[in-house]
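The next part holds the structures, each set out as structure tokens.
In what follows, chain A forms one complex with chain B and a second complex with chain C.
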Partner chain A sequence: MAQIKLENLAHSYISKPTSKSDYALQKMNLTFEDGAAYALLGPSGCGKTTLLNIISGILIPSEGKIYFGDKDVTSLDALGRNIAQVFQFPVVYDTMSVRKNLAFPLQNRGADPQYIKKRVEIIAKSIGMEDMLDTKASGLSADAKQKISLGRGMVREDVNAILLDEPLTVIDPHVKWQLRTQLKALHEEFSHTMIFVTHDQTEALTFADKVVVMDDGIVVQVGSPQELFERPTHTFVGYFIGSPGMNFFDVDIIEDIISMGDVKLKLHSIFPDLKGRVELGIRPEFITLSKDSGDIKIEIIRIEDIGYHKIVRAIHDNIKINIVVPEDVKIDNNMKFASFDRDHIFIYQDGWLVEPKEAKR
Partner chain B sequence: MSLELKNVSMRVNGQMHIYDTNLTLENGTMNILLGRTLSGKTTLMRIMAGLDVPTTGQIFWDGKDVTRMRVQDRKIAMVYQQFINYPAMSVYDNIASPLRLMNKNREEIDVAVRKTATLLHLTNELNKKPLELSGGQQQRCALARALVKGSGLVLLDEPLANLDYKLREELREEIPKIFESSGAIFVYATTEPEEALLLDGNVATLWEGKITQFGPSSEVYHYPNSATTARVFSNPSMNFFSMRKSGEYIYFGDKQKALASNSLLKLQDGEYLAGFRPNYLEIEKYTDSAIKIPVHLNVTEITGSETYLHLSHNGDYWIGLVNGVHEMDFNSDIDVYLDTRYIFIFSQDGVLVEPAFSSIDSFKEGSNGADKA
Partner chain C sequence: MNKTVNQKAWFLVLPVFLLVAFSAVIPLMTVINYSVQDTFGNNVFSWVGLDWFDEIIHSQRMHESLARQSLLTTIILLIEVPLGIFIALNMPKKGFWASFNLVVISLPLLIPWNVVGTIWQIFGRKDIGLLGHTLSILGIDYNYAQDVLSAWITIVIMDVWHWTSLIVLLCYAGLQSIPDAYYQAAKIDQASRWSVFRYIELPKMSGVLMIAILLRFMDSFMIYSEPFVLTGGGPGNSTTFLSIDLVNMALGQFDLGPASAYSLMYFLVVLLVSWVFFTVMTNLDKKGAA
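What follows is the complex of A and B.
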């Protein structure tokens, strides 16, 4: 096992890239710590699969280096990197039993039969297939086959990392829960370095210790699920993490006073002079509604009751605002004002979080 | 206009795919078919569309029997999970194609195409080819083609399932507006309870080829008639445990005992099945009517603002969804708390006996209009 380090890494599918837009991956420096679980999260086309393919050795980056521990593996193929991979669709030998499928990577490397037997049984138990070891794979459901693929990915203890490319896509939503927790338990048990690619925020946040959020070929934030939620360092993270995502308003800011159209808000902290596009971001969970007073005037368009909380869709000055209200808070259309929790207001300049000069409190 | 299914059933190769079903969908309503994969949603839609003829029963459109009428001759439109567009045609021509088949004149077509494109935010994409669009836009194009001909019945089979979740969120917010402006009967199949609540119409819960309940979605959510409906209409699934009511107490799990309160208090002595949704489980005692339940914690998952607890309780698999981020040891024994306000009581064979007190409260509030915009 080893730490994985990307140094000044970038990739373009074009042979002589000239502008930024020619790059599928913009230059990045990133370290994956040994034994941790990572998710690469972002919308289709953000570059996450390109990045995974570079780590696995399917693709050689056009710029930069990749290290496993101290060893430069930039030009080594997947075999030379000693990694395990699990793909979107199950890769299973239909004619073989579950046992033989799980044993395959060990047998290929000539492991001791006693060890193989023991190891296969451990893995089978952790994917919940210990009673099916001698069943042929051909008749099994897609879920079961994907479990075998996951198990086979885990079976070797000596791999540098396990790379998973949207492994839960084919799984029925109600089984996803189980597989996801099994995966998490497997990580806890064997502590392999795992890198998991997904476009699904729930999958990424629940699985990973650290989430690498990508947009448009750029790594916009690397952080724990809590950090991404509580302190997005880029507007994309605010928008992409959370459902609904963060609300944004174009503003001007002078020291601790924000101007939003005609409205002025006083903040807890003083900000430096900012150029470019300045935005205020606040999550829907940190806005409260009131009948008679508040920071801004709003008009409620729709209230969506989704059981354990409500989503209020409103507008202020032609801008859409989402507000999340706990189940037991009563809401009615006469609520014309919204207030922002000062501790959860963030300021962004051209997309990136700005630190205040000083906190006043 | 209305669509009526009368004693419709469907058998394929000796297997029942749809059991005897009676269902009436009224003009201008949004109807959600909610159920897991293979519960019969697509089969039911194909029968409604006329793509398949049911084994028994009849389908009436506006009182007229259309059971054997070909799909081409019915005024329906269907949108599938996969984005189906003509790749060689522009977005404009894709949207126009159903009207051209109806031999409409050029002006009529142009007006209808532009109006529909505006509704679906495709005005700037009309000259592009579908494959130049994002996934969300491709599905908008397929939706536009379904809406443009003004069908009385629009069938949507998990139309958002193949989209990234942010695009799903965006389209999901727009579908009620699209529906309202169409005036048609919408039938919308989904596996996700949250989607059924957000779209806010009628919901039919499906389980193994049977409609278990049909009614306004908030009513079905708060008053599920059976444990099966409750299970379908809860994500993660509702948690259940067997219990015995005797005098002032309930007995459950491995020799556990608690004082009966709220809906439990109303019960006659006897054996029941109790159910509660995952978000009502707590790891601290916040209220007096919360009962303490010892469980085994298998794994936790943190979403950034919430923590999922995967638990075992006396052989049952439970999920708890708790606010906030909690680091806890995997594979440990812990105590969780459940306010009896949130417990639904079913008979041992799964028929609703008492709804949760919380349901009664929120429904009172909903019915006097305070809850609706």
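What follows is the complex of A and C.
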């Protein structure tokens, strides 16, 4: 086991990339700590699978280096890097029994039969298949097969990392939840470094200690689920994480005064002069509704009651706003004003979070 | 679910029924008709029951042809199937050379049987054939027209040359359908080349392989034109396979009764072996799935 470090890594599928858009992965520096569970989160085509394949050694990056611990593994293949990978679709050896499937990676490495037997039983128990060990793999359901794939990834104790490429795509929703929990338990039990690729934020946030959010070949933020929610460093993270995502407004800012159309808001902190596109971001959870006064005037369009809270869809000055209201708060259509919690307002310049010059308070 | 009963639907089957009747059933009836009657010409027929069948079943001539035929088919399958799989495994998977190889590999399949026979007939001749002449210069005693072993080797090589491509193409299609993830997973599992073949490639192509073997069995069991053009069944009767024997009997000797009984039994043998083969293979498959 070892720390995985990406140094000035970039990848292009074109042999002589000229512009930025030729790159599937923009230059990045990233470290995966040993033993932690990571999720690579992003929309389809953002480069997360490319990044995973580079870490696993299926792809050789066009630029930069990869280190496992102190060892440069850039030119080593999957075997040389000693990693395990679970793919999007179950890969099982159809003609073998479940037991042989699980034992296969160990057998090929010439492990002691006693050890294999013990290890296979431990893994089978973890994935909940101990009573199916002697059934043939070919007739099993997709989720059972995917469990075998997971088990095969987990069976070697000495792997440097376990890489999972959207492994729950083919699984039924109710089993998905169960498998995710199992995966989390497996991580806690064996504490392998795990990197989990997904486009599903729930999956990422429930599974991972740290989430790497990617968009368009760029790593936009690395952080714990809580950090991503509370302090998105990029507008993409703001609207991709959370449901509904962050609200954004185009604004101008002078010191601590924000102008948003005709509306002026005073902030707690002073900002430097900003050029380019300046946006104010606030999560729907930190906006409150009221009848007679508030920061901005709004008009409620629709109220969605989803049980544990309500989502209010409203507009202000032709801009859509989402507001999350706790279950016990009454809403009526006379509520024409909304207020922003000053502590949860963030300012972004060309997509990236801007730190205030000084907090005044 | 309740099914609607509508007897008129049978009319929809009628066109197919007529087509099959004219293409298969009626010609077959003619053969069946001949097989149970005898004639001395002038369109006068007399009923002989199963006499012809009895005669053919006990004829040494048919036994010998059947033995030769079985030997040839066995040899051909034993060579073509492994060779076909081997070639398919080693063909490039994509790019220019993949298409190029596919075209080259398919060429023999496009050549008519008679022409294949003629090609090898000339190719193997001592006086003008490249193969025959070269071998005789090297001092190898090769003469397919007089030597039994030479004749057999030539026929086997000719068939391998003509038909291995079919197995290659089918296996290649089966291999192409295996997702890359399988190979990557196998690599990560440190599987040997043999394991990859045994546990990934072979199971994934078993379906098409079964069809390939079945087709090659049926075709080779009915082989006619190629050996007929090459050796005409000789030297002696050494390459007289079932079809050649049958044609000799029906058209050479004009023994229509025995020939009809012969062809019916021939047909049944092919049908039976194919059926057994198919059933065994599908059952193995099901067992594998259970």
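Throughout what follows, the second predicted complex is superposed on the first by the 361 of 361 C-alpha atoms of A that agree within 3 Å, B and C clash if a C-alpha of one lies under 4 Å from a C-alpha of the other, contacts with A are read in each partner's own complex, and residues count from 1 in each chain.
Heads up, the rule we're going with is that contacts are C-beta pairs under 8 Å (C-beta built on N, C-alpha and C of every residue); 3 or more make two chains touch, one makes a residue touch a chain.
Computed from a prediction, not measured in an experiment: that's the story for all the values here.
Novice: A:303 contacts which: chain B (first), chain C (second), both, neither?
Specialist: After superposition on chain A, A:303 lies in contact with chain B alone.
Novice: Classify the contacts of A:136 with the two partner chains as first (chain B alone), second (chain C alone), both, or neither.
Specialist: second
Novice: Could you say whether A:206 touches chain B, chain C, both of them, or neither, answering first, second, both or neither?
Specialist: After superposition on chain A, A:206 lies in contact with chain B alone.
Novice: Just to be sure I read the superposition right, which of the two partners does A:79 touch: chain B = first, chain C = second, or both, or neither?
Specialist: second
Novice: Tell me which partner A:50 touches in the superposition: chain B (first), chain C (second), both or neither.
Specialist: neither
Novice: Going by the contact rule set out at the top, does A:221 touch chain B (first), chain C (second), both, or neither?
Specialist: neither
Novice: In the superposed model, which partner reaches more residues of chain A, chain B or chain C?
Specialist: It is B that touches the greater number of chain A residues.
Novice: Go through chain A and flag every residue that touches chain B in one model and chain C in the other.
Specialist: Correct list for chain A: none, the interfaces share no residue.
Novice: Under the stated contact criterion, what part of chain A meets chain B in this complex?
Specialist: My answer: residues 43-44, 172-174, 177, 180-181, 184-185, 188, 199-202, 205-207, 224-226, 228-230, 239-245, 285, 300-308, 311, 313, 327, 330-333.
Novice: Help me check something: in the complex, which residues belonging to chain C touch chain A?
Specialist: Listed in rising order, the residues are 179, 181-182, 184-185, 187-192, 195, 199-200, 203-204, 288-290.
Novice: Can you check the complex and tell me which residues of chain A touch chain C?
Specialist: Per the stated touch rule, the residues are 56, 58, 77-79, 83-85, 87-89, 91, 93-96, 104-105, 108-109, 136, 138-139, 149, 152.
Novice: Show me the residue ranges of chain B that touch chain A in the complex, using the header's touch definition.
Specialist: Touch residues, chain B against chain A: 36-37, 134-135, 164-167, 169, 173, 176, 191-194, 197-198, 200, 218, 221, 235-237, 277, 279-280, 298-299, 301-305, 308, 310, 319, 321, 325, 330, 362, 365-366, 370-373.
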